[in-house]
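Here come two complexes built around chain A, the first alongside chain B, the second alongside chain C.
What follows is the complex of A and B.
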């Protein structure tokens, strides 16, 4: 019977951060991944936040496959034919070490996986874990895979198996996902010469631009769109809550197609060669949706534990951080010769509570609910904002004060004064 | 409104299909046909795996992107038996 110190299920950012940290510390680690290789099942926008990775691999910049470092962030609120927005570009973002990069997950995950292997973990891919193995007391003692003689054992199993987390669900550690707590995102990648990317976004060398979008592109659903520049390609996608998709007659690919035809977006991707169409869920339920993340012989990290800050579009960094913290907890217990019991693993949750992971999620805990019950943030406001801008900017002989009054009246007509104030208050409270 | 052909999008993707061994099944196809009024899987699946033939719901998983949507949205009947494909099979993202 083969037994390891730790089994890690999944080779996304959370599983890789965990496996790397554990192997570096000298523990025997088996990592199982269902894809042909790490990354072949994974989807991201994708923005990489340096800080979380630096804490795992400090010199990652030496050889990680990074596309562009982000020097400009655009936020667009879109109406049918227009957008109003802010562009923030700063030369501070242009000074190494850079803070954010665009990446392509299939390449990035492969790189990370190689680091894990070099650190000494045994990685077996093309292997789907079917369920957890438990002893009579309920303690998790290993996993069963879909290979012949597929049982393997360990002192502790880390579930880094992503948003669907089939393992935790089958074991009864968490319920089926609620459509209100997950967004479905669809995405395409369009290739074009790097000079074209640079001209279109007014950038040079490895500089990059990202655009986050809100408004009519989600057709009244709670969701957002994005467009990111890679070296010689552009990633474009849109995601909305599943509970909203359930009420629709519009398919996810039609939604993406309509977004791509928006007059402000179409010129940015024009002429590109579409080379892949992907879809993936994002856990967006926030703080209240987080399940139990440890127990006798098991831990949950990354998307599987719903560790995503949807407001700030952070996921992979929370994944890497939770993966690292789970690993550090295990290392500490292992060195002290303590068993991987529920009581001892509670240290993991303490660490999480003490870190930005839980602090941020707690700070925005009411955000998902507010947006759910107030879809004017995705419908009425974008429309009103862009009409106001149009009214103010159009030079047509009407004086500005009359225009202001007109705009205010149109806001009040669509939403009562109390409604407006209430919305502002709700947002302020949630963001505070 | 013009509807895009999702097949054209999926054509760009790489798959290793586990022939005759679909990883997702309808537990009771008759329930889909006769009882389920919304048949939302035929709208929400981002790969168009669920199609309508009259009132019958037909599921072909070859183009599946393994997202999990169909399982989660079938809230009323929980009629989707959903697993990941065997290790190594299914969608193989080139970029992700």
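What follows is the complex of A and C.
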């Protein structure tokens, strides 16, 4: 019978952070991954937030496959023809240690997995965990995999199995996914020569740019688009709430194709060779959607626990942080010789509550609902904004005061004064 | 029954793409896999072990990264794995490769006699189908290529009966052990290893053999030095210029379409027209 101190299910950022931290501390760790290898199920470009990884692997910059550090953030609000937006670029972002990087998850996850292995964890891939094994009292004592003679035991099982978390759902630890709580995102990578990337975005060396997009590109659905520069490629994608896709009968693929044809976006990706196309769910239910994340002999980390800050597009950092905190909790209990009981594992939740993870999620707890029931944020406003900019900037002999009045009138016409004030109030409250 | 299976790690050609602008092969992110044909060889060896007991040893000559391929073979149920790796092997063609592998198998046989050697039909990155026969020749083994089925093995008489695909049919062949079999694709399906196999593969201490360990004496026969094959040029054949033509006859019955087709052919190949006219 195989028995370990800890079994970690999943080799994404949360599972890797947990397995690494545990193995490094000398615990016996088995990590199970259903994909061919870590990262094989994850073929997207993404933003890596240094802080969360630094707390797991302080010197990660030595050998992690990082694409570019971000020196410029653009926010675009788009209608069909135009965008209006802000660009924030600062040489402060050029001072090491850098704060944010673009990465390609396939490469990054592979690197992370190697670190986990070097730390001493046993990694077995191409193996799906089918369910949790429980003793008579209901305590989780191990897992059953899809292979013959597939039972493996452990003092505690960490579920780092991503947004779908069939495990937690089957065990009744988490409710079924609510389509209003998950976004469906698609992403592509367009390869092109390094110099082309640098010219198009006015960057050099390993500098990078991020564009966050909002507006007509999502055709009234609640969602955002994004574009990042990698070393010799560009990641582009768009995501909307699953419930919206279902209602509008649109496919994410159509949406991305349309977005790629937008006159402000098309020149940026033109001529690249499209390499990867992936659709994936993102848990965006926020604070209210977070299930119970620990119990007798089990813990939930990362996307599986719905730990994503949709407003700031942060996921992997919450995944790594929750993974690390779960691991640290176990290590502490293990060293004190305490059992992995529900009461003892409650320490994990205390740590989470005390960290940016729960604090940030709490801060934005009402955001998903507001955007959900107010799709003017994604339709009317972007259009009005760019029309206003156009009206103001066009020199056509009309005096500016008249123009201002026209703009205000057009806002009022599309959305009553009460509506406008109401929206402003809702946003203010949610962001507060 | 001790079988040695020779495998090769190859880039997954299904995932290789040629860059549309530079026309170079884009290797970035192309995963390395076990040559798919070798999996049929490995599965057949595992089935022999299931039937007759014994063990399966997997070997590969390649760079250190090929360890992944061997570990994978172990996870399917192979018992032992040896990575034959040495800088002096670099640049080997099929002649030099079969020399090195034959030496390795002889070395293995010193510890535990080898009854069968398996290879895939060919590799997907070289397509030569020469390494298996090369090993058989050097080791003086009976050679059975394109085997689609092992019918029976008589361990006492040391005889084996196999079915072999040949032009125009299937041959049933009997020969004596030890022998070398190159397995045909589609002849079996690789199993899904058990959990204990996965643990064993993950924990297995890989054996790395350099040229000395592999018992190679003549260094002029390995690597670039031992490789008479010279690749002059690699090119992509240009697509054929002829274009298909759709023959459509508005509102036409199948007979009308056939007539239109014949007219087209007659116009293009006068000889056909003559011949048809003669017969009509």
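Just so we're on the same page, the second predicted complex is superposed on the first by the 429 of 432 C-alpha atoms of A that agree within 3 Å, B and C clash if a C-alpha of one lies under 4 Å from a C-alpha of the other, contacts with A are read in each partner's own complex, and residues count from 1 in each chain.
The rule we apply is simple: contacts are C-beta pairs under 8 Å (C-beta built on N, C-alpha and C of every residue); 3 or more make two chains touch, one makes a residue touch a chain.
Here the structure is a predicted model, which is why all the values come from computation and not from measurement.
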For the overlay on chain A, clash or fit between chain B and chain C? fit
Chain B versus chain C as contact partner of A:160, first or second or both or neither: neither
Which angle, in steps of 10°, is spanned at chain A by chain B and chain C when each chain is reduced to its C-alpha centre? 50
Which of chain B and chain C A:149 touches, first, second, both or neither: second
With both complexes overlaid on chain A, does A:254 touch chain B (first), chain C (second), both or neither? first
For A:182, using the defined touch cut-off, is the partner it touches chain B, chain C, both, or neither? Pick first, second, both or neither. first
Looking at A:2 after the superposition, I want to know if it touches chain B, chain C, both of them or none. Which is it: first, second, both, neither? second
Scan A:274 for contacts with chain B and chain C and give back first, second, both or neither. first
Does chain A have more residues touched by chain B or by chain C? B
Classify the contacts of A:245 with the two partner chains as first (chain B alone), second (chain C alone), both, or neither. first
Contacts for A:106 in the overlay, against chain B (first) and chain C (second): which applies, first, second, both or neither? both
Let me test your reading of the model: by the given contact rule, A:122 touches which partner, first (chain B), second (chain C), both or neither? second
Minimum C-alpha distance between chain B and chain C after superposition, to be given in whole Å. 5
Need the overlap of the two footprints on chain A, from chain B and from chain C, as residue ranges. 36, 40, 106-107, 126-127, 145, 147, 275
Could you pull out which chain C residues touch chain A in their complex? 17, 19-21, 26, 28-29, 31, 75, 192-199, 202-203
Touching chain B in the complex, chain A uses residues 34-36, 39-44, 46, 104-107, 109, 125-128, 145-147, 163-164, 166, 176-179, 182, 184, 186, 188-189, 233, 242, 245-246, 248-254, 257-258, 274-281
Chain A partner, complex, touching residues on chain B are 1, 3-4, 6, 9-10, 12-13, 16, 38, 40, 43-48, 65-69, 71-73, 75, 78, 83-88, 90-96
Using the touch rule from the top, collect the residues of chain A that touch chain C in their complex. 2, 36, 40, 106-107, 122-124, 126-127, 145, 147-152, 191, 271, 273, 275
